[in-house]
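Labels run A, B, C and D following the written order; every chain starts at residue 1.
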Amino acid sequence: MMLDIHASGVYVIAATPFTDDGAVDSASVDRLIDFYLSHGVTGVTVLGIMGEAPKLTHAESVALTRQVVQRAKLPVVVGVSAPGFASMGALAKDVMDVGAGGVMIAPPATLKTDDQIVAYYANAVEAIGPDVPFVVQDYPYASGVVMTPSVIRRIVADNPSCKMVKHEEWPGLDKLTALKNLMADGSMRKVAILCGNGGIFLPHELERGADGANTGYAYPEMLVQLVRLTKSGERAAAHDLFDRHLPLLRYEQQPGMPGLAVRKYILKRRGAIASDAQRKPGVKLSKESIAEIEFLIARLERNH
Amino acid sequence: MMLDIHASGVYVIAATPFTDDGAVDSASVDRLIDFYLSHGVTGVTVLGIMGEAPKLTHAESVALTRQVVQRAKLPVVVGVSAPGFASMGALAKDVMDVGAGGVMIAPPATLKTDDQIVAYYANAVEAIGPDVPFVVQDYPYASGVVMTPSVIRRIVADNPSCKMVKHEEWPGLDKLTALKNLMADGSMRKVAILCGNGGIFLPHELERGADGANTGYAYPEMLVQLVRLTKSGERAAAHDLFDRHLPLLRYEQQPGMPGLAVRKYILKRRGAIASDAQRKPGVKLSKESIAEIEFLIARLERNH
Amino acid sequence: MMLDIHASGVYVIAATPFTDDGAVDSASVDRLIDFYLSHGVTGVTVLGIMGEAPKLTHAESVALTRQVVQRAKLPVVVGVSAPGFASMGALAKDVMDVGAGGVMIAPPATLKTDDQIVAYYANAVEAIGPDVPFVVQDYPYASGVVMTPSVIRRIVADNPSCKMVKHEEWPGLDKLTALKNLMADGSMRKVAILCGNGGIFLPHELERGADGANTGYAYPEMLVQLVRLTKSGERAAAHDLFDRHLPLLRYEQQPGMPGLAVRKYILKRRGAIASDAQRKPGVKLSKESIAEIEFLIARLERNH
Amino acid sequence: MMLDIHASGVYVIAATPFTDDGAVDSASVDRLIDFYLSHGVTGVTVLGIMGEAPKLTHAESVALTRQVVQRAKLPVVVGVSAPGFASMGALAKDVMDVGAGGVMIAPPATLKTDDQIVAYYANAVEAIGPDVPFVVQDYPYASGVVMTPSVIRRIVADNPSCKMVKHEEWPGLDKLTALKNLMADGSMRKVAILCGNGGIFLPHELERGADGANTGYAYPEMLVQLVRLTKSGERAAAHDLFDRHLPLLRYEQQPGMPGLAVRKYILKRRGAIASDAQRKPGVKLSKESIAEIEFLIARLERNH
């Protein structure tokens, strides 16, 4: 199923399950996708930062995508950010061939000017081909690249295959409003806007017009319900739900491998994957961290 | 009152109040300090990032410090980070002369190696003088400089006038534990560790041995009570309190001027300052942001 | 004498002479300015990166400017780059009051987008006042900020007090041509373009239309003659001259304090300053470096 | 032939020849290698920054390496720097299988502390295998990572398969001396040190004990002769030779794709490759640049 501009709901950022000795754990891939499906996600993003993408070979990346596509029967977006267009193009081609619905591209830290960013996406589209739907990942904290609404507008205008923006600038609420205003007044073609950044501002983002979430919190049912409650106007209930989860969500939102370690720990605890191992080089949770997570989970479940 | 290694409780990061036309608002300085005192802070840090330090002239910085020292009758720490040691040394001298208890120094982004960081603090101490108590501000998000526990240990060992670390690496809980362990096993001299980063991990930091908070959340009474509850072992009550504030605290923790705009808005709303103006160049809250803050405050107060 | 858009020739980047114990060496300031004058410079820039600006207090900066203005009787440009507009504005006011001809402003590394850069210069002009002539320092190697020709055009258009660009992007020859073309076709108001970057591409820059040099090579007579020869069309002679100096020029162009150490060593050797000391923290030349410089000077002088 | 610690002479950084429509030009690969061999290089480095490595697919990279190995009959070092260890390990395995003599690894910009750099190389060695000889590329201008002599010493000590350092910090002469001193006094195991950075300081580097050059100046015969003259103590002749080339060498040393465009232009002009095309995205020389290069070549050849 192809990604299009009507993407909405929860495109979950999928972890990549490994066995304790570092192999991709295929059984857990299916189990994890089933877990996500059972909680109502509407799409799956694999091989993002949280998917440990740089630790997978090309062949592993393609195989993982094939498996997720077959299991999920939902649009599957594949992170293909790479330092060079050759590997980006090769990966995009191969994952689309196995049924991916689109790819996600973040700008490299070497980009310094507005024009360089716009040119980069033009080159990327040439590398992946003009028919491959793609997501602009706007995550300055990780990329070091800040894109103004005007730059995003130019990327969207230049590239019809741009279907979605993954919004995760921080702070970014007014930028989100600016993008929605550009779409509302016709100065920017409509694309989907789904929000990442660990979901830490998700209720406000939805209220400002975001189409959904694009993050991987280990309780995806919260994300799904939050989107539903907000869209149906049940604002107080939405915030009540979100606030119950916020202590744990914030704990999981620690950037990089520590946050992933928390996420995988909870996914394993919930039965969604067999092992919380990260492929090397990874991070192990300290006993203090585990105790904190358990404490926060206990409080969360008590508050249900 | 001088800063020493026994600093604890809440060293509030003070905003700098301006009138709508950009002058330092002396009346509001007193009002703000009284507000902080009434809520039980144990120290005050002025001219940090949230104090709009680079927008004040040297003379204004010294005058502000004098006023805060006289009003607070608590240790006052003054941010003196500067691109050059001449202005750092001059400001340190003048603020100590008007009664400051110490200064805070963040490393500049140009530092690239462990040795450069250690040498920088040696040079800084030579610039401010060996008798001026100082705080190492460890805030990689803003400074771009990452200090390992080993580097902090070297700075502490080399410089007897180092009295405190402002801990605000993110993620940083295990680093905090590492520093506490270094102090516990005698490989690092005891210094105070107070935590910044908007307080977003404060309960966990206190539980891991931090001596207090060094942040400026606009409800300082929460920070004060949180420290008290944690120290007296009332963990559940501490987290209940924190969790009630977390939605607003998180909203205020947006880095840079947007976060400051939120903070000043609430301080004004609570009567602590007369105007929430930032000196130019500043940020104004959008109407959407104001509505979100009001919504979060209403929920917070309802939950009291 | 005020800086204007007709600046040309050699605006020498002046070193700041210190005594061995770190005081500003006023006698050497006069001697150095006389040295520059005797070699035909047309302007002087003080308190640039090579002027150790961050190591001088405000009062020292103003005093140095006053002395240089009185001695040089040429336009004196003063570096006022600062992390905050308060100190920038205060320094600009005070140096203009003692007769400076203009100020130079580099963008801070925190600027990420085209619009941020343009807004920064608008704010800076508000801080220094709209009547103070200023130079845009375009030195990405040091600032981390890349300005496209279009951004420079916007800064020039927005701010009538912008009189000059110090061009030192590397590689930057085609950018220089782009700026000249914008001025030629009327899409950008004429400003002076003088070139820095240690002079390492100076003959080509002059041939592409630069108005002169804005660097501090310790043989300023070479810079002066090079400009003259190029403007009079004696291209071969210009390159012959430049090439004789290039080995030493390249040695001096090492960025930061090491390059400054080379420059001061030669200035002292030539009698222009009494001591080559840098104010702390500085760099001392190794004995190997001194031997290399002496070797290169011997070869240069043999080739005269 | 395997890379070992006795590497010396000129390990030329090879360009990757493309046809005008962007295919790897195999005929030119042979021609280019023959050109290098005819000028006396002692080794070849492929797929460095100047080899446009990120634009080649894995399969192309392996095929290119195979061809170069078979043609050169010299040690061939292959750049394998990558954002993830999976692709680094896969490429290292495959290029060693086709006869490469070793690989070159630069640290990623995300590394911030001494310990992170050391750990990175440990992980890299685990990825490529402990038997694969490797080169540490120390090029802070491009990588953003500064390695102290102490960090390099740790990497060398921890990893017996580290055989060489590509030295290209700038300024870096005293660092080179520091490394040589560490080896001389026995605190660091001997490794080869070859110098890059476009060769801009090569005579001084050789005089300070560097074992050779590791750069790709389009007149490799100059590099070869310079090494020979310096080693035989003919210092004046060595500098005379170098100085004749310095204007063009400096012109070619412009970082990134512009410098590569100059290099490929000259290689084509000298008959070493059929086209100077860069694979997309690339840079085309302006007509002004071409005129400058021709002018500099004419002067160089006149001076022969």
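Basically, contacts are C-beta pairs under 8 Å (C-beta built on N, C-alpha and C of every residue); 3 or more make two chains touch, one makes a residue touch a chain.
All of these numbers come straight from a predicted model, not from anything done at the bench.
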Copy pair chain B, chain D: interface residue numbering same or different (half cut): same
Distance-maximising chain from chain C - centres being C-alpha averages: A
Centroid spacing, where centroids are CA-atom means, of chain A and chain B in whole angstrom: 33
Cα-centroid distance, chain A relative to chain C, in whole angstrom: 47
Per-residue multi-chain contacts in chain C, two or more chains: none
Sites on chain C touched by chain D in the complex: 170-171, 173-174, 177, 200-201, 204, 207-208, 239, 242-243, 246-247, 250-251, 254-256, 258-259, 286, 288-289, 292, 299
Chain C - residues contacting chain A, complex: 112-116, 140, 145-148, 150-151
Footprint of chain B on chain C - complex, ascending: 53-58, 60, 82-87, 90, 109, 119, 123, 126, 280-281
